[in-house]
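Heads up, the next two complexes both have chain A, just with different partners, chain B and then chain C.
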Partner chain A sequence: MGSLVQVLTNGILLGSMYGIAAIGLSLIFGTMRIIFIAQGTMIVLFAYLVYWSFQKAGIDPYLSLLTVVPLAFVLGLGLFYLLFRKAAALEDRNVSLLLAVGLMYLIDNLILKAWSATPRGLNISYSSAMIVVWGLRVSWLRLALLGLALASAFVVYAFLKKTRVGTAVRAASEDMEATTIQGINSVWVSAISFAIGIALAGVAGVGMATVYSFDYQFGFVFAIKALVALALGGIGNVFGALAGGLLLGIIENLAAYYVGIAWIEIASYGVFMLVLIFLPQGLFGRRALVKKV
Partner chain B sequence: MNEVGFFTRVSASFVTFSRRGFVKHKRLLLIGAALVVLALVAVSLAACGSDDTTTTTAPAESSDTTAPAESSDTTTAGAEMGDDIVIGAINSLTGSNVLTGQEEKWAQEKAVADINAKGGIKLADGKQHNVVLKFADDKSQPTEGAAAMEKLIKADGLKIVLSSNITPVNQAAAQVAEKYQAYFHITSSWTDEASPDGSFPGFIGGMDLKWATDMFESAGDSGLVAIGGAKALDPADAPTTFAVMTENTPDGVGFGDATKAGLEAQGWKVASYEKFVEGNKDFSSIILKFKQANVDAVVTLIAPSDGITFVKQMKEQNWSPKYLFGYKGFWPVDFYAALGDDANYISYDGFWSETLPFPYAKELGQAFQDDHDGNTSNSVGLYYAAAQILFTAIERAGSTDPGAVRDQVFNGSFPGTTMGDITYNDQGIADIPFLAFQWAPGGERVVLYPTEFATGKTVTFVPWDQR
Partner chain C sequence: MANQLLEVKELSVAYGDVQALWDVSLEVEEGSIVALVGANGAGKTTLLKSISGLLHPITGHILFEGEDLVHLNTKHRVDKGIVMVPEGRRLFQSLTVLENLRLGAYLPKARADYDDSLERVFALFPVLKDRMNGKAGLMSGGEQQMLAIGRAVMARPRLVMIDEASLGLSPILTRTIFDLIVALNVQGTTVLLVEQNIHMALKICSKAYVMKTGHMVLSGTGGELLANDDVRKAYVGERGSRL
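Here is the complex of A and B:
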């Protein structure tokens, strides 16, 4: 029993990273209707910035949240207006998708040139700090990551529910045309959603830098994991996306512990396929998003 | 303050900001955003200004241990200089194997610089020829290794190629070399032949290659160094229960099966045998499994980036086996740089040490240190020796005809390399013994095994909470 609880705990802690990334993907998908495949690469970019600021200036990774997240937000705005503004207005979403793929490879290679292909990992003084509760060992760093995931979900939820811009984002995710007719600036709404999605990549970047080793190629794999989490949790639901991430982390850890580490991918993608077949709206998504033909 | 109150305040702040901040300062934000994008691109480009990832390599810079290469049309001895000899080199310039690829590249460039400093290679035309390497990136993937070989042969017209250092990559590239009858001078790839009953296809030795040779160890024997390192522990600290954890690749499984069998044959219990997908980022449940199986020693074959993650998560879980031995990923300089003192007491394989009593070993080690902030290498002597052997074979052949060069290596003897005296058999295989090392505090490498070359005894892995 103790093992199961520890495995579930490990899964939740791993899944919190997926969850943060999935919330960002969900927001961007909500207004732009594209799978932003470069999300993982953005996370890796911010992980490098966190790593760099720690190595060069000794800035604590969690303190760097204060600079990285606003920077990511502003970068997101800039990328939207430079790259996606016109494409997002097109009926054909493939253009935006192709732009995202291009952006992913562009950033991958900029990272490669700037920081080389050498894997990086932060070695911080409190990386082995543990919290032990009833024999359950939890790494402080991973707990902090879970805290970041929960805080991100609550902040995004509050933004969507309590602010006018958030209300506009929700309206745009339901019906972009009707939103425009109501006089809401749909471009600005999409830009804000995109920027918040990138800001969440900044949050996840801090988590990645502190807990994992990473290299310039890690982003794509991570984007796919976030996509699986999003599909599991369901599009259009902030807490659903987070739950999807946590669930994916749990599935991976259960498979690793009870079946074997080689089964991680088989189990997670198997569940992903089953959910898409039987619950295409995801476990917590809105049925209205899936139209029957 | 209760949670609801806190989030209400956060929400209220958002409302205020969205009404006043976003709308009023929208234009300012957009200008700022554009500037940030431009600044990030500029920073990236500036950071890469001096970065060298070119795939074409002129003779490497001379280090303190060599004289400068000749730049005139004649050598100092007056011999006439001929055209450069261009040799292909497949290397993991990117991908998960980049750390070991970097050391291989350094050694090959050093060998080229040294041979050119001595006047190059003399061919049957009576002229001296400088050597130039042309690198192609295998991206640490077999398919890319094959593509790199195809490019070097077809696009660049090269018929003599130095290998990468990953078995599956070299196996894939060797098949292309066979097709075009290009000579592939392999090192660092498992040499195993196929089993007599055909159940095990073998590695390089099992491919019946006519255009490739290999200088390395067999996977079946590779586990011996991990066992040798464990045996060098104080008997009172000796582990009893092992786990074998390996990448789920042909390379890894060959190693894992052989190591598990070897450990069990020596009387050790192997409580867990795990195969993971390369790039795995969460080992916490496996570590938990090992803890619960009372595993007190781990032998693993793992890429450097995964290895760094594994050790970080061991520390997170405060799990300290008595003995941790890693193949492939624990020995590069950057592994120690990424983990710092957390890499202390970790044991690993290696192919060479500057402390070995072989010609030029000490000088080569010093040159590496000079170029790497005092860090040492346990691999560069192997790659350097491979290049030395190739240059000697070309000189003996008197030409760059790939068949003639190959024929010099099959059954060839090459005394006095940085790996000692090397002899290839009639299958083009030269077996070399592995070494076992351990990271000591300060990043020093201690040779543990074979005992005749040992520079220290294995130290039990010091638990995280006692460091």
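Here is the complex of A and C:
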């Protein structure tokens, strides 16, 4: 029993990373209607920046949230206007999707050039600090990650529900032309939601730098994990995406504990396909990831 | 010559290689209701979308209070007071009624008058006040049409262009909506109306235009067109509605 609770706890903590990434994917999907496949690579890129500023300047990873997240936001705005603005206006989503694939491989290889293929991981003073609550052993860093995920979800939720631009983002994700008809600059609204998606990659990058060992190829795998989380949670609901991430973490940990480490990927992709077939709206979503014909 | 709020001059519009409007002209006098009628595919919606700036013409001019709008985008046209109520209402279904209205008053000028506008909308459509915090998509068709018009009113429009207000509504609700459009007009808003319910549209308008396959073929007062044999045979039918 005790070990099951430990497994669940580890799963939730591991899954909070997937959750942050899935919220970002969900936001970008909302206005661009594509799975932003480069999301994982963006996370890896920001993880390298966090790693680098720690190695070079000794900046604490959590302190670098203050620089990396705004930087990610601005980078997101730039990428949108430079790459996706024209493609996002097209009826055919494939152009945006292919651009995202191209961007992913481009950044992967820029990372390879800049930081080599050696896997990196941070070793900070509190890397292995644990707390023990009711017999549960919890790593401080992973607990902080869950805090980050919850905070991200609340901030994005409040932005979408309470602000004028956030309301416009929700409107645009439902009907872009009708949003334009209100006199709203829907290109700007799409850019904002894309940039917030990339800012979340910045948040996840801090998480990745602190608890993972990562290399230039890790992004794609991670993007697929975030996609699985999003399919589980469902589109159109911030907390649904977060919950999908936590659930994926739990599934992976259960598979690892009860069946064996080799089964982690088999379990998560198996569940992914089952959800797409039998529950295309996800557990909490308002809209299907794949449109029913 | 009367004070024309909107003048469309020899407008030609194409979707890619397919031309949809040929040298279409139209005038809307300030304070009037103008009806635009014609069969499906005649180009009525295309004309409204061009006036809103969603489509860009190949040639021709769109003058609003004498100023050419052709190079302005939708946002600037809304800011000048040209607001469209699109066909099918196009409400934000998962947003609340109040959120839909708030988006109608998105631009700074309209936002400054938000409280007054909201009061005006609730006075015109009291049911929206009762449903304020409910999801737009959960309302009936008539209520949704009221919200679509209310959302446009929130923008403080000079000219409201309403595309197929009666689509899918019962005869009684259609009458209610038309009464509300007249009430809006009496308050000073100029209205350009695209309608399938030609009989009713011709009754409340002061001037009407008939379009056919991308051309403007006829214009006159509502009464003149109602009395015109060709129009009656082609569009009005026995009891008015083509639905």
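Convention: the second predicted complex is superposed on the first by the 286 of 293 C-alpha atoms of A that agree within 3 Å, B and C clash if a C-alpha of one lies under 4 Å from a C-alpha of the other, contacts with A are read in each partner's own complex, and residues count from 1 in each chain.
We adopt the following convention: a residue touches a chain if its C-beta (ideal position, glycine included) is under 8 Å from a C-beta of that chain, and two chains touch if they have at least 3 such contacts.
Owing to the predicted nature of the structure, the values given are computational and were not obtained by experimental measurement.
**Q** Is A:182 touching anything from chain B or chain C once the two structures are fitted on A? First, second, both or neither.
**A** In the superposed model, A:182 contacts chain C only, not chain B.
**Q** Is A:85 contacted by the first partner chain B, the second partner chain C, both or neither?
**A** The answer is neither, since A:85 touches no partner chain.
**Q** Does the superposition put A:170 against chain B (first), chain C (second), both, or neither?
**A** A:170: touches chain C, not chain B.
**Q** Is A:260 contacted by the first partner chain B, the second partner chain C, both or neither?
**A** first
**Q** Going by the contact rule set out at the top, does A:128 touch chain B (first), chain C (second), both, or neither?
**A** Touch partner of A:128: chain B, not chain C.
**Q** Which touches a greater number of chain A residues, chain B or chain C?
**A** The partner that reaches more residues of chain A in the superposed model: B.
**Q** Determine, under the contact definition given at the top, whether A:158 touches first (chain B), second (chain C), both, or neither.
**A** First partner only.
**Q** Considering only the touch criterion stated at the top, classify A:141 as touching first (chain B), second (chain C), both, or neither.
**A** Once the two structures are laid over each other on A, A:141 reaches chain B alone.
**Q** Across the two complexes, find the residues of chain A that touch chain B and also touch chain C.
**A** Looking at chain A, the two contact sets intersect at 164.
**Q** Which residues, counting only chain A, touch chain B once they are in their complex?
**A** Its residues touching chain B are 3, 6-7, 10-11, 13-14, 71, 74-79, 81-82, 110-121, 123, 127-128, 130, 137, 139, 141-142, 154-155, 158-159, 161-166, 188, 192, 195, 211-218, 221, 249, 252-254, 256-257, 260-262, 264-265.
**Q** Okay, in this complex, where on chain C does chain A touch?
**A** 52, 54, 74-75, 77-79, 83-84, 86, 90-95, 99, 102-104, 106-107, 110, 151, 155
**Q** Over in the complex, which chain A residues touch chain C? Could you list them?
**A** The touching residues are 164, 167-168, 170-171, 174-175, 177-185, 236, 286.
**Q** In their complex, what parts of chain B are in touch with chain A?
**A** That would be residues 7, 10-12, 14-15, 18-19, 22, 26, 29-30, 32-37, 40-41, 43-45, 47-48, 51, 53, 93-96, 98-99, 102, 245, 248, 274-277, 279-286, 288-289, 292, 304-306, 308-309, 312, 315-318, 334, 338-340, 342, 464-465 of chain B.
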